[in-house]
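Dropping the structure in here first, questions after.
Here the chain labels run A, B and C in written order, and each chain numbers its own residues starting at 1.
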Amino acid sequence: MQEPENTTEMKRVLEAALLTCSEPLSLDDMLKLFAGRMERATLRMLLDELRADWQTGTLELVQVASGWRFQARAEYAPFIARLTPDRPQRYSRALMETLAIIAYRQPVTRGDIEEVRGVMVNPNIMRQLLERHWIDVVGQREVPGRPSLYATTRTFLDDFNLRTLSELPAMDDFQHPELQLDLQPHTPESPSMN
Amino acid sequence: MQEPENTTEMKRVLEAALLTCSEPLSLDDMLKLFAGRMERATLRMLLDELRADWQTGTLELVQVASGWRFQARAEYAPFIARLTPDRPQRYSRALMETLAIIAYRQPVTRGDIEEVRGVMVNPNIMRQLLERHWIDVVGQREVPGRPSLYATTRTFLDDFNLRTLSELPAMDDFQHPELQLDLQPHTPESPSMN
Amino acid sequence: MQTKLAIDARIYGQQLDAIPQDLYIPPDALEVYLEAFEGPLDLLLYLIRKHNLDILDIPMAELTRQYMRYVEKMQASRLELAAEYLLMSAMLIEIKSRMLLPKPAEITEEDDPRAALVRRLMEYEAIKLAAQRLDALPQVGREISVAQAYYEHIVQVVPAQVSLDELLAAWQGVLQRASHYQHHQISREELSVREHMSQILRRLRQDGMVEFSALFDVVTEGLPKLVVCFLAILELAREGLVHITQQAAYTPIYLQLHGAP
């Protein structure tokens, strides 16, 4: 190992160290790189130069409380975040039922949803559905209070792999298909179903 | 967040991700960066370009078993080592021999390792190798006791800067490949023997 | 090839570079020597290499004698380790005694009592060298420093994946609990109408007032769709969601959201 001879070489040692250390490096840390053959003033100058070198780079050299570090420019963070996705959350039954009512009965107001479900609509659920772009407001019903009318969106269709709402199975499509054992001529099902 | 529009921007996203991730990124990982809007061929081309861009840089883009990573050029290692004087020292001969047997003769059981080394396997060594994720259990040999079969991992290859096992240093398999024993009829050995 | 036996040990503050030639072991240093060897095979290899013996033609007597001297010394203090060395002693003595027996006229390689030992020694030596080469490779965390610049971790909310089945199950659950079941049975046709109702509402919200005929794309849409669209308009009107106006007979009909200016 040859000690760096000139400031160009020193700057390269500095850069390699800063790029490979997971923690910020203090000035004292960085002096250690050069085994004492480095002035603090020179070090500060080299850090300024290094920062300028990376001015248009994908990383930036920043000074934080405990020292200096390279970090990805903010614009790249969302892409990097895709590498370690958080575990997908699960939606509640209340949310799914609300979504189902909007899908099958649209356009509906919160009042409509509450009437069908028999419970108040949790505002968080509507917010989640709106943020997910599965529903949006398509108008207001002209009744006192002018409540918003909700409907499902194209994103909803895309995410559920549907081309149109009419591809949502109708109710009778899933009337216990595995229980169709009646060998008699089809009679109307239980009276309540008509 | 705007999806990158051209290959220059894509290469910058790639560079930022590779510079910030301490684990090697596989091609599949890197495709995730672009949310599916990237061809494998383009990605490979960009990686080649990126490697060329860093040709004279302080880091180099290398390919190891589980993907691609940036690492400091060897000439900077001694300087960086000064920052952490307590970095892992060399492993014991016993550990390295055990690792070598597993690497070159895999899959092997503890019994196989003991046969080669002529001594009991120290359970601490196996634990260390497993904790380091350099080896893992890949099955059981179908003999009484069903002993575990050990093999080396991708992490082992990554940590030793290798892409495949075939890049392991060549092994001198016996000085004389076809074991030519001296087949002369033996004369009684020298009297000094007794 | 001569293998170098690396010893990193200090005795009385003095660095030990190698095992002394005569193999005399100062009592206090016994443990150090024991640790320098990885076992009986390692010791045998050392003896063979030290005395420049041909591994393929081991003079068993010489080797066995040296080995036994060594094992006697270690027996005193390290019995549990000595067991493995004693086993090797027994093997060496067995080989030696078999070699003293009269030889059959034709001998093959397999008959040489030393063959198994030689194979093991060679395998061990090969592995020992491989281990040294492996250890000489640059390692991450030792010689290799991997780039790990910082980045602001953005907690990305990953939307839950929901299947159509789950949506249907939810809908079914709603209906089963609702008392007015029959009113909620939805046919495909009705869903098409409802979809068009939403589309028309969106259009009116965006454009304000729209001419009735402009809602029908007679060029690209088939008759069933036009009918569905018309049904949607009627349903919207019935539910009081749109306002339909016409200034005079045969003038254009306009739709707007109810209550729109």
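By definition in this document, contacts are C-beta pairs under 8 Å (C-beta built on N, C-alpha and C of every residue); 3 or more make two chains touch, one makes a residue touch a chain.
Chain-to-protein mapping (UniProt): A, B = SMC-Scp complex subunit ScpB; C = Segregation and condensation protein A.
Just so you know, these numbers come straight off a predicted model, no measurement behind them.
When you average the Cα atoms of each chain and compare centres, the chain farthest from chain A turns out to be B. Centrality by Cα centroid goes to chain C.
Chain geometry summary: the mean Cα position of chain A and that of chain C are 26 Å apart.
Chain centres here are Cα means. That of chain B falls 13 Å from that of chain C.
Between chain A and chain B the centroid-to-centroid distance comes to 35 Å (mean Cα coordinates, whole Å).
The set of chain C residues touching two or more other chains comprises 145-151. For chain B, residues touching at least two other chains, in rising order: 16, 19-22, 59, 70-72, 76, 80. Here chain B touches chain A in the complex through residues 1, 12-13, 15-17, 19-22, 25, 29, 32-35, 58-59, 70-73, 75-76, 78-80, 82-83, going by the rule given at the top. Residues of chain C touching chain A in their complex: 145-164, 166-175, 177-178, 181-182, 184-189, 191-192, 194-195, 197-198, 201-202, 204-205, 239-241, 257-259. The part of chain A that touches chain C in the complex is made up of residues 16-17, 19-22, 24, 59, 69-72, 74, 76-78, 80-82, 85-91, 93, 96-97, 99-101, 103-107, 116-118, 132, 136, 138-143, 146, 149, 151-152, 159-162, 164-166, 168-172, 174, 192-194. Residues 1, 38-42, 55-57, 59-62, 64-65, 84, 88, 96, 99-100, 103, 107-109, 112, 114-115, 118-120, 122-124, 126-151 of chain C are the ones that touch chain B when the two sit in their complex.
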